[in-house]
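Listed below are the structures to be examined.
In the two complexes that follow, chain A is the common piece, with chain B as its partner first and chain C second.
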Partner chain A sequence: MLVFLLGTSIIYGTPRLVPDTWLVDLLTIVPAFLLAGQYLLLIRLGRGGNLYDMLIGAWGKSAGRLLILAYTVYFLYIASRNLRDMLELVMTALLRNTPGELVVILFVPIVAFAAVGGIAALGRLSILIVLMVMMFFLTLTFLLIFSGSVDSERLFPFLSEGFGKVAGSVFRSSLWFPYGELIVFLVFRTYLGESGTMSRTCMFSLLSSAVALTFSDLLQICTLGMENKKYSVFALLDAARLINVANFITRMDALVAFIFIFGVLLKAAVLLYAGSRGAAVLFKTEVNRFAYPLAMLIGALSLLVSRNHAEHVSEGLIHVMYWLHIPLQFIVPLATLLLLWIRTPGGARA
Partner chain B sequence: MTTFRFRIDAIKQQLQRRFGQTTDLMLVPIRIGSRQGLLCYLTTMTNTTFLTETVTTPLLQAYRQGGLADADRGLDAVRELLFGGLTTRLLDDPQPLPVLLTQGYAGLLLDGEPLMLMIDVKELEKRPISEPTTQNVIKGPKEAFTESADTNMSLIRRRILNERLRFEKYVVGSQSQTPVYLAFVEGEADERVLRDIRDCLQGSSMVSLFDSGSMEQLFRSRRGLLFPTLYNSERPDSICSCLMDKRVALIVNGSPFVLVVPALFSDFFKSPEDDYQWFLLGSFIRVLRYLAFMLSLSLSALYVAATCYHQELIPTLLLTSIAAQRIGIPFPAVVEMLLMEMTFELLREAGTRMPRLVGQSISIAGALVLGEASVQAGIVSNITVIVVALTAIAGFVSPVYSFGANIRLFRYALIILGSLFGLYGVIVGFAFLVVHLTRIETFGIPYLSPLARLGGRRSH
Partner chain C sequence: MVTIGVGVLAMLSLALLAFFDTLVYRQSFFHVIGQLYGQVPHFAASGWMLALAFLLAAWNDLNRRPFIKRILAKASGERRKEQDWKRN
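The block that comes next holds the complex of A and B.
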């Protein structure tokens, strides 16, 4: 069930700040494992509770609740950012003249509908979507190869700006964007089986998503070339536009839109579910009461979150990274971990 | 303690009170030995010849030969001597008498006796076993269920020669008192599912039940709106393979369609014929069915979306030919599409309701007048007719009719979404469908089960 991770990252890819993005993807897996290890340790210390239980356990009642609120807002915010991503794609690729509000209004109820279904339905959804995305992705690759637009020469020059830049990018951005969001799954911890199996699936999904991402980036670079990829807004979309098999199968933008919309659907639904769970813990009511109102909130937020696409991207890469991702994905869990460690009596630790 | 004794007059009065002036109630006074007796039955539910042959004549003969001279031995002696091979019951209370009469029993009572003998002489007119009308196969058994539940049970039993096969009887419908039989293989079927079904059958508040279709509404889960969660079949072989597959069948008396619960998404794409062929061919056809399902659902919506919003997605050559055909068509693509789809629905409905002899004229009117002429008159374009025809044909591919029937409605929603939001609308519609599918559970089993099993392995 942990294949959720692939969600949007396949399409959006990692932030492209340096030429050798595919190498970044491959390298990110190392710190990502460390990050995942941290979460897994947290799970082991949390002894069966989910993230929200752990927060209250470690920080006490009031501070814990404050942190839960922070996480709830954070999840909702990420969900709305994802929605915005999709909105931008739909606006650029499919519906140029339709107002964005309508697009969002159509989409949000479905996200909520998926979230209300609960974790089991989300799991089934994720499997279905991952299968679908994989299938479409493979189709895309084959079509690109057949239309002769893949050229491995475009991968060079290799490491033109030195290794340091690549390594820097790993920690500055890629680590937090797709992988850090694993923290969502701490919320569902109680539903996802024992910690032993969980750690294995976690590692497996990390690895597979890293491979998929690397592959996607390689494909994009090979088709578009480094310069183009750097400036393109939706690289995969642009790559798909190059498909031309025998002048008949042309312009497979729709395929990419399909992948993207389903990815966002899944991710937003998971985040929404986590968010409504947080709200339910805070206000001590059941989860499903929050799904629809919060979905509306996400929809509104996704429209209000930034004025235009450029602002949206820069906000995502700079502000969100430092102000939200790093504290909430790394520092707070680490502190929780330490607190739990201290609070656990010596005997129970082993 | 005074034991109840049946009195002819009292019973006569009781029956006449309960049944009123109905013509099919027969109350025949008879004599056994020196005692007055009464034979009562409903002519509509019993076989009168059978009754005379097996009940009245032996009684008479026995009396003549003096075998029953010792008439004081009572009715249980009569039962032992004469009706050994028949289904009989002894009543010590007249309360269930009317119910038993409606079920095809004949009642025999002697004046002043504490017991009353009920003999099952039910025989009803029924249709012989014929070929299935909705689920045809080219190669494979050609028997189909009939309206009689007894025949249906026998059709199942003669295929599964296993002593663990069980039939449980329930009565549903407060007015119609329809017998419903639960068939399952003991030890195979899920106990939880069985318990749920029993609860559901016993707690049903139905007034009348004439077809398994109404039964389906009883079991349909609240979440499964678009997709049927009960499989129905009129083919004994397909029901038997379901029974072997740990499922439970429901046989409703009066309906040739037997239901199977729980039914999963993939069941509706299986035809029993698939298993009787070379596996590659069977699998190929099964994949074809899934494709056809997708096609019938989305093709018309995609066409509308593409022609209205995304001309660039269509290959240039195709685009020019579509555009050339659409010149001079007065309607937008959506209206055109909805018009043709509705026409087709009308044709289909008319075709099924028509008397069979007139049916042919419908197809001529549909194909020639509507299809050919409307294109030539420039009301609809050729390509629309092709698309509608293709979706219609693809829609018929599902081996189970009820599956295609429900999903047809969703096609209209998709067409409208496609016309309003282009490809995005169609994709969102599909997303809704997928989410809906993943949320359905029947008796605790996810509807998309084979996929979920894959997932189960992944998560544990």
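The block that comes next holds the complex of A and C.
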């Protein structure tokens, strides 16, 4: 969960709608806990079933299957957007002359291979990735401090646009990306242990990722300043480029690329696996038979999803938020929760 | 079933991409669809990847068929189960 939450947001950071993005990250933890609480309540009422079982149980067979189809397309779309994020980073910062298509074609089978291993393989992979991400991130922080690029004065002016805009930014964007994307874990409910264990893990991951994201934003602002951060596409990458320890340790942006690529690998694999499960439920066949074809599909979608970076960002920050994230991360789960609550007898509820 | 599933999901996903393009560029849905599908005959990588997705899906469906199983078994040098050895 922690790697999933940090995945792309550690580089992109929270959407920069206000200058005090670090405060937005810190404040988002409160509604994020409430959203996670809603999911945990859904798990409790779902009686051990996964998201797809709950949808069929609450909405009936026809409407439930339609919603499963919607969630499957949603997971594949988000996976393709994550791949596109990685592609944008590679194309703009690292391999400028390499065709993007080649990067996607080489990356997609790795994602599918990780997804075919199932949730246990993804768990083992995530342990490795979280250690690497944390190690790279701490290395970056120490190197930035040693190179003298960090200046806490750059955090000011504090709350220059008022508290209202900061609070608005929490609900308009940061809550849904990345915290709302936790809904994908409801698909793996049956593999994630008891409800109590899952609640503790979920809360711990939320808290850890909020701390990591706030720290990442603080580091970016202290290094680049609010104005530069606002207009930087990959703020952490730009911050890493400022590392210069005794004219010897320089150009550490490869570390940032590693953090990002590993994060995207895990996130895309989790979303692909969830999408494959949805497809398997809908078309009544085994999950693994869908993994490679759907991986190719998300590869194709990642190339088609937007024509340029400006469209990619505008789509993600405005339209996807209102048309996909809020309905599928909040409204449908809330309605399902209410339906399950109504359909569950009082005794069983307790 | 895998081919049908991938086909349905591909169509819906492309429709979703087209829908978001209509919101961003304020163009008509059919214009955007034309642009999206217009890339496929030009041997764009996305077209090849879509074709590969369908091929993989079709293979996943076909390799469950008995005649493909028989061909695969022959190719790998495995003894066919139904082969009846005539002992004299």
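In the analysis below, the second predicted complex is superposed on the first by the 347 of 350 C-alpha atoms of A that agree within 3 Å, B and C clash if a C-alpha of one lies under 4 Å from a C-alpha of the other, contacts with A are read in each partner's own complex, and residues count from 1 in each chain.
Criterion: a residue touches a chain if its C-beta (ideal position, glycine included) is under 8 Å from a C-beta of that chain, and two chains touch if they have at least 3 such contacts.
Predicted model only: the values in this text are computed from it and were never measured.
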Answer with first, second, both or neither: which of chain B and chain C does A:104 touch in the superposed model?
second
Of the two partner chains, chain B (first) and chain C (second), which one does A:69 touch, if any: first, second, both, or neither?
second
Which partner does A:292 reach: the first (chain B), the second (chain C), both, or neither?
second
Have a look at where A:77 lands relative to chain B and chain C in the superposition and call it first, second, both or neither.
second
Could you look at A:300 and tell me whether it touches chain B, chain C, both or neither (first, second, both, neither)?
second
Scan A:61 for contacts with chain B and chain C and give back first, second, both or neither.
neither
Using the superposition on chain A as set up above, list the residues of chain A that contact both chain B and chain C.
none
Can you name the residues of chain C that touch chain A in the complex?
1-2, 4-6, 8-10, 12-14, 16-17, 19-21, 23-25, 36, 39, 44-47, 49-50, 52-54, 56-57, 60
Would you mind writing out the residues of chain A in touch with chain B in their complex?
1-3, 90, 94-95, 98, 102-103, 106-107, 110, 113-114, 117, 120-129, 131, 192-193, 197, 201, 247-251, 253-254, 257-258, 261-262, 265, 269
Mind listing the chain A positions that touch chain C in their complex?
69, 72-73, 76-77, 80, 99, 101, 104-105, 108, 275, 279, 282-285, 289-290, 292-294, 296-297, 299-301, 303-305, 311, 314-315, 319-320, 323
Residues of chain B touching chain A in their complex?
309-310, 312-313, 315-317, 417, 421-425, 427-428, 431-432, 434-439, 446, 448, 451-452, 454-455, 458-460
